[in-house]
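Both complexes shown next keep chain A, but they swap its partner, so chain B is in the first and chain C is in the second.
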Partner chain A sequence: MNLSLLSHELLVLALGLGLLLVDLWLPVPAKRKLGYVAAAGVGLILLYSLFCVQLPASSPVQYAFGQMYALDGLALFFKRFFLLAALIVLLMSVEFADRIASGIAEFYALMLFALSGMLFASSANDFALLFVSLELITVTFYVLTSFQRARVTSLEAGVKYLIIGALSTAFTVYGIALVYGISHTLNFGLLSGVAAQYGDNKIFLFGLALVLVGLGFKIAAFPFQIWAPDVYQGAPTPVTAFLAIGSKAAGFALLLRVLFIAVPDITARWSNLLIIISGVSILYGNLCAIPQRNLKRLLGYSSIAHAGYLLLGVAALSAAGRSAVLYYLSGYLFTVLSAFTVICLALRGVEGEDVGGLAGLHRRSPLLAATMTLAMASLAGIPPLAGFFGKFLLLKAVVEQGPTHPGYYCLTFTALAGVVISLYYYFGVVRAMYWPGEAADLSPIVVSKPIRLTLYGCIGGMLYLGLFPNGLLEAANQAVKLLR
Partner chain B sequence: MSPLTYIIGWPLCAAVFLLLVPRTFRPVVRAVAILATSISALLALKLFLQFNAGRLGYQFEQQVLWVTSLGISYHVGVDGINVGLILMGAFVAFAAACVSWEIKEREKEFYILLLVMTGGILGAFASLDLFFFYFFHELALVPTFIMIGVWGRGEQKNYATFQITLYLSIGALLALVGLIALYLQAGAGTFDIPKLAEYLRSPEHRLSASAQNFIFPLLLFGFGILVSLWPFHTWAPLGYGSAPTATAMLHAGVLKKFGAYGLIRIALPLLPDAARDWMPIVAWLCLGNLLYCGWVAMRQKDFNRMIGYSSVAHMGFIFLGIASLNLIGVTGAVLVMIAHGFLAALTFGLSGYLYQQTGTLEMDRLGGLLRRLPFIGAALMMAAFAGCGLPGFANFAGEITVFFGAWKAFRLVTILACWGALIIGAVYMLRAVRAMLHGPLPEQWAKVADAPHLWRKAPFLLLLASLLVFGCFPKLLTDKIEPSVSEKVLVNAATARADGSSRRKEALTASVVAKDMSLLTSAATEKGGSLNR
Partner chain C sequence: MNPDFIPWIILFLPLLAAVVIALFTQHDRKLSAGLSVGAVVAGFVLSLVFIKLNGWAPAHEVSVAWLTIGDLQADFGLHFDPLSLLMMLIVTGVASAIHIYSWGYMSEDRSLPRYFACLSLFTFSMLGIVLANNFLQLFIFWELVGVSSYLLIGFWFERPAAADAGKKAFITNRLGDFGFLLGILTAWAWFGSLNFAEVNKGVADWKGEHWLLTVAGLLIFCGAMGKSAQFPLHVWLPDAMEGPTPVSALIHAATMVAAGVYMLCRVFFIFTPDALTVIAWIGGFTALLSAVIAVQQDDIKRILAYSTLSQLGYMVMAVGLHGPTQAMFHLTTHAFFKALLFLGAGSVILAVHHEQDIWKMGGLRTKMPVTFWTFMVGTLALAGVPPFSGFYSKDGILAQAAQHSLPLFVVGAVVAALTTFYMFRLVFVAFLGKSRSEAAGHAQESPPVMVWPLRILAFFSVVGGLIGIEELYGTQLATEHTEHAVSFGQQLIGPFIHAPLAVGVGLLAVVIGYAAAYALYAKAAKDPLPEKLGALSRAMRNRFYFDELYQATVIRFHDFLAAAADWFDRCVIAGVGVRGTHGTTELAGRALRLLQTGNLQTYAFIFALGVALVLYMVLS
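Right after this comes the complex of A and B.
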């Protein structure tokens, strides 16, 4: 077996374990800086992935562990995606570290373990690996969510995430058992060959539906979204950020693999289901976000809406739709991470992360205010930012399917309604920063150099993807080529 | 590089540059904004003068491939239809930057948004690619909302922001779906407007009637909301009433015309069959603009609200011209678009000046101001005359051309529309002039001051001069507009008519239709010529 296929995962695991070891000998004050080491390590792995890992043109898919693990264009795209996300989140964590009472090295290491789970998820070609990687992500997040043990909200978030997460895990594993019981295989490749003949088998379909429940939980789509606002609100901000982008993207990576590699024939008949889930998620997320005052909670609801937008591309059941999902996720990465970085710095010490705490931010730190404005504008889908082109691609993919099924037109208009609603609360955030209001605290915020660079990178990413989409779109088109 | 890229690029580059200027350098901020818009205006004037009316196709083109897999490219170019609009837009943008001395707080942000809006507007009119056409429009639209929200005035500012954002976003998104559907249905794999037009012109690629009838309403109502087509006009008066002067000038004058331009540039030539079916409806809806909104304008007590309604009413002429679907009518519509752009910018600029001086625009509380404001008052009076359609101003040329065109297509509507245009318009405009400029001067306004020096007068002079020049010599515009309209907009309509008649099994042979068309064209040129004389 070719172990080099697993190089990303092994390197990340080694980094995480190394961090835990080093922690034993390090004096307490220096531990905080370990985050930079972790970030640098992840950065190096990302560079290695970008420049040294290439799929040979002769065999676009390479397998390991008896076809359980696949390295293809999609896997590579997501691996780089997760590495970049983890890099930014780790830098954010260093900034956050003084708010964590003890065990900061474990905090970094757990993030790396979650990252390795995501890397495995992007390559899962088998229900067993799907389950294991999902668990690796979820279990580490149980711990991460409740890491601020002194804060009740953090503990509450951890417990909620644990209970609902365990429930969804149970659904997934039950679903996998049913699928295996009928088809006698867990492998996606083998399953795609036989799935068509079980198309009318109710137990098989029930099993698949239960697997989708588990994945719906990961991406926080309606009706499995119930945990998102509470957990987003309660978890430490870097964890929320990692949850918002990494965990969601891992859910989408698995969703794409299950729907379009394992059971494409059955997926083709599920367009109605996907359309409804997508449309309701968009409406639910956007409408519930309107009255929110807690910024992290608001972004929690907005993330439900964005799961809905991303599902537009899945529901379109076309290559264009799938590449739009990848594109949108990439834009979402820069947008969401910059928003959470700003929250991490600007709302320090603000009770309940109230939106009002942003008042006067443009005086306290023009860079943070500008970043937040751009992030909100990108989430709302305003040119020339990444969110605009991403939404354009998703809408195009859905409208393209319109002639085959009128439901797609309804979905298009639902999505448009969602966009219009979302303008209200995204601009509300911008308004809170710039409007003449009573700002209690006008002391300038010190932005450290690494965070400054991160923010410049995120702004650059949002603008680059909005202004020069050609390169990434080509890459996304290549990545989804093998999906049916 | 095409001069168009510079015209769009200067304001956008200036906006980026302003980001780096410290906010305490107030004169620098203002100077950069005025300089960038004046360069754009001069370049647009040069472009207008160099434009060769005799040549078919697009001029000053530039095309850069942007997204290969979707066939999106940055493609700019002008023909007779948009060359005048770009000139108008650049002039209005310059005037808007000049009158913005009234902004006293957060000047830097204001000018950045103003410059982004200017670049977006000019880009939208110059784009020959569906994607960038929309992209630039959206780039201009969002600053509008923010400017009204932050620098707006009046008690209803927040409500106005909310309403205008909601309406215009819905309109823009509807149009976006229409544009995407058009791209997908055409199946040519390109967003390029000239290529799409070429492709859809050939009989085998023509869009089916059902596809056209699905896309056309999306574009009609999407663009219609943007141009305040009745009954989707309610955002306009309130929004303009609450907007800062420069925003109202740019939006009412230029950005709003984007919808009408989209109909002429995209909907009519690419969806000719549906256009023919829908135009009678548009013709009746435009009466809502002309008569109903005119009527409402008469009842307004606030001057800004009144010109807001009057600007909505004037949109009726554009729609009537488009609905007539013939050379004279559509040419007239483009003329009205340009003329109204100058006029709306002028009136909103003047009302902004008055508001600065008096702090109110309640017409009952004003009066006799002409004594104190000889220049501003005289300009306002001329604007009012232009608004009623007095010959000598560009509006007259446009409106009369629209009526000539519409007479052939919708006789009853035209008769009713004339009523709205001539009587109602004159009533509310002259009433406003009487209430504000004549009569006794209330004591509280004894200290009101006129525009002190040439620099303050310049924007108004520029707009008035443009109105007069194009009013006295409409040939400058019609010579350019006419060939482009007949070449690009109505060429498919002619074949649509031929198809439609054969479908209705009328005994019309192709040659008769052709003869009919040539008669129409010659009549049009004759009338256009006599007009110009």
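Right after this comes the complex of A and C.
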């Protein structure tokens, strides 16, 4: 057993517990600032991860807890990804703190615990750890979603998330039991050796399919997307942001591990299933987003569509597709977090987060308006932003698979149609900012220094990933090397 | 020190002035005007300095690589030879006089900074044409000149007539430029280069079909037809008089419209004898047509505009008659006396409170003596009376015509007579006799800032023929034997010795024209010609109905095409294509939304259905 491999998780947990302890002695007005402490702590851990943690070239995978926990390139990539996402979300939470009646320190701590769950998920090499990390994330999000206890919509969202989530968990754990019953192992490494011989075992496949249901719920892919719009709309904005990026990425980390480490031989036969799920998610998310007026709900649908885009890379069943998933997620991080940061600041006090509340934003705060415009353009996939290059990589991976299966061409076409549809509602948001119908509230919005820096960082990230893709692409290629 | 850097400064100073005025000094009228005037005067002085240091010859060029696309290497370069250097001097010199004059003429206008920004932009573009060493650069500046001309014609855009005239000028020019661009592309395709020297070499080594070269030459001539307003693209120039009068003087008389002729001389090597014949006849026809129309115009600026057309026709004809030297010589003298005439007209127009009808003037000689006498000098020069400059340049063209083509010689002589006739008609009616309106009665001489440019231009209009300009062009352009006069006296009487026939006919034409004008207009209270000529006069007044003809054919056809395209766009593309797709998509979105009931039981049910679907797909 090698505890040092778990350094990320342990540090984050210690930070979260420390926050809870400090909370006991701190006067109420100062508690809000704890978010900065949490963010700084996460930032330090990120720096530690970037500069002090390296995988020895001799053993690219290191195991702990009897091979339940694996530290490899993929795990490290996702850990840094989650740390960065949490850092931005925590800064956003400080801005949001005045809208949370009590227990702000717990709010921060819960975010850190969810983060630790994501960190564990990125290293899961065993169905047991998969389940535990999944639940650690989901349960903390149940609480976080309903944290604005005075708001009925927040409570409603929490309850819906809880019940649908419990349902999905039930399916997942049943599926794991079936897989174990047939193969007598929960470990991905051992499973990959024996999975091929169970390829025609209906009970084994039944179990695996149920595990997929649980992961499909996490990433909000069709047909398990039904909760997403309601929960995105009801949850406090930073929680929605974390849900949109952290929870979704954790789902993808696990999905990649299950599909391409545990049962690659079976996955190879599932191209039809993946193509359909991906294509329908894209169409469903984009079509439903068209009539939305609530911005968070709109982004909820958009996140369903993006789960579909990301599944393109999974469905391609190739190394290029998998690295494209990682690349797209990285661009999505900057894009989505900047969009939610703008919502958090600009729609303060706007009932129902109506798109109309953005009216005249370019006068109230040019920075916010510019950020939102760039974020929408990146989501829609306009060059030279990250979203464009990510979509390009995903589609390229799918088209490359075209000769093996005509379905890939249909999928490409569907994805392109989805992109075109999405332009309509993304630019509807931009139009609402710059060309409002009637005179709006034009009081300037104060943007605090940390948030300003965050936004600059996000804009920089969107542009950098769109213009200079090579560095990250190389890292992504390295990260997915051990998947097959 | 190599002085080659100086022309770069001359070229870019006006652009700098335009940019600074447009971006920073819009609010400061004095500073804006000062910047613009300063830039062009400095350009003139620097031109003199450069010619002093460099001399007129030898021809050479400096260039920097601008962009490389495939095997097309586009340079940005400057070409120095007597042709471009003298032209540079003319442009900066005449532009200086007109910039200064504008300061007085436009002083009351509230958009004065915009005016000077456009004027500086024009100067920059014109210098770019003059100094260009390749077709691409020439074309870019060619278009820039078109743009600045558009901006200046439509300067008083509140007046619909001015806005329309700007559009008309621009679009008509674009028609010619389309052919020009085709010609340039042809040259590039055949010779693999756009540099003048290399194209010249390519033409000399041309082994292909002869008529191909003729086509290329005529395509390039299309550009000149647009800019220099040759028939049938001549219709824009008279309308361009809607712009401020100094603009008419600078752009639509002295420089821009001459750019076509300059371009023809610059690329003279590309024209085959067949192409030259076409060019000569188009020039001759334009000269005759416009001179006839000018006889029955009443607007002082329009008379001068048609006169400009006619003189441009002369120059183009000279090019077509293997006489680029004579063309450039006439271009130079014309730049002086036509700018002078326009500025004089501007002075008159200002004095009579923006009245342009010559029949409402009269008796201005005593009230505006300087304007009158300088205008008189311009008139004599234009008519071709010795020893004014116009005599020498016009005589050169007539001599060239006598040598190459008798019909064109006759055309030239008739045009010379008509020119004298309509110019003296203008002088008799506008300046002599009694005042015919109250405004004319109270007219006063213009301020010194306007009068001095008149005096300077008048001086050059007198001596322009005798200061060796023709010889300078001749050293470079002469395709045939050119005489070198050795002394001033010989220069003065040169034409009488070399081409007595041309001189005789030319002088006879002047005398006939003057006599006719005197007989008809010296004492006339209203125009006697309409009664005498009847329908012909009406046709002349209406410019032979060219505008109406184009309206009925070209524009009608164009409107039909536009209406058809509009219908297609509205009904097929927007209606079926866009709105159909949009409607279907939106409907699908709204329908799918119904799934999202918000009811938890429904959600759980849908979730379970999804699970069943996945299981079915995995297990089947």
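FYI, the second predicted complex is superposed on the first by the 482 of 484 C-alpha atoms of A that agree within 3 Å, B and C clash if a C-alpha of one lies under 4 Å from a C-alpha of the other, contacts with A are read in each partner's own complex, and residues count from 1 in each chain.
Note that in this section a contact is a pair of C-beta atoms (placed from the backbone, for glycine too) under 8 Å apart; a residue touches a chain by one contact, two chains touch by 3 or more.
All figures in this text were calculated on a predicted structure; none of them were measured in a lab.
Chemist: In the superposed model on chain A, is it clash or fit for chain B and chain C?
Modeler: They clash.
Chemist: Between chain B and chain C, point out the one touching more chain A residues.
Modeler: Looking at chain A, the partner in contact with more of its residues is C.
Chemist: Just to be sure I read the superposition right, which of the two partners does A:Y434 touch: chain B = first, chain C = second, or both, or neither?
Modeler: In the superposed model, A:Y434 contacts chain B only, not chain C.
Chemist: According to the stated criteria, A:L442 is in contact with first (chain B), second (chain C), both, or neither; which is it?
Modeler: After superposing on A, A:L442 lies clear of both chain B and chain C.
Chemist: Of the partners chain B and chain C, which touch A:L47 in the superposed model: first, second, both, neither?
Modeler: neither
Chemist: Looking at A:E400 after the superposition, I want to know if it touches chain B, chain C, both of them or none. Which is it: first, second, both, neither?
Modeler: A:E400: touches chain B, not chain C.
Chemist: Figure out whether A:L453 sits in contact with chain B (first) or chain C (second), or with both, or with neither.
Modeler: So A:L453 meets neither chain B nor chain C here.
Chemist: Answer with first, second, both or neither: which of chain B and chain C does A:N477 touch in the superposed model?
Modeler: After superposition on chain A, A:N477 lies in contact with chain B alone.
Chemist: Considering only the stretches 206-214, 242-250, 314-322 or 386-394 of chain B, report the one that runs into chain C.
Modeler: Comparing the options 206-214, 242-250, 314-322 or 386-394, the clashing one for chain B against chain C is 386-394.
Chemist: Using the superposition on A, tell me which residues of chain A are in contact with chain B and, in the other complex, with chain C.
Modeler: Residues 424, which sit in both footprints.
Chemist: Which of the residues in chain C end up touching chain A in this complex?
Modeler: These residues of chain C touch chain A: 582, 585-586, 588-590, 592-593, 595-596, 598, 600, 603-604, 606-611, 613-615, 617-619.
Chemist: Which bits of chain A are touching chain C when the two form their complex?
Modeler: 159-160, 163-164, 167-168, 171, 202, 205-206, 208-210, 212-213, 216-217, 222-224, 226-227, 229-230, 270, 272-273, 276, 284, 287-291, 421, 424
Chemist: Give the list of chain A residues in touch with chain B in this complex.
Modeler: 377, 382-384, 388, 392, 395-396, 399-400, 402, 412-413, 416, 419-420, 423-424, 427, 430-431, 434-435, 469-470, 473-474, 477
Chemist: Quick one: which bits of chain B touch chain A in the complex? Just the residue numbers, please.
Modeler: The contact residues of chain B facing chain A are 66-70, 106, 109, 131, 135, 138-139, 142, 145-146, 149-150, 162, 165-166, 169-170, 173-174, 176-177, 180-181, 183-184.
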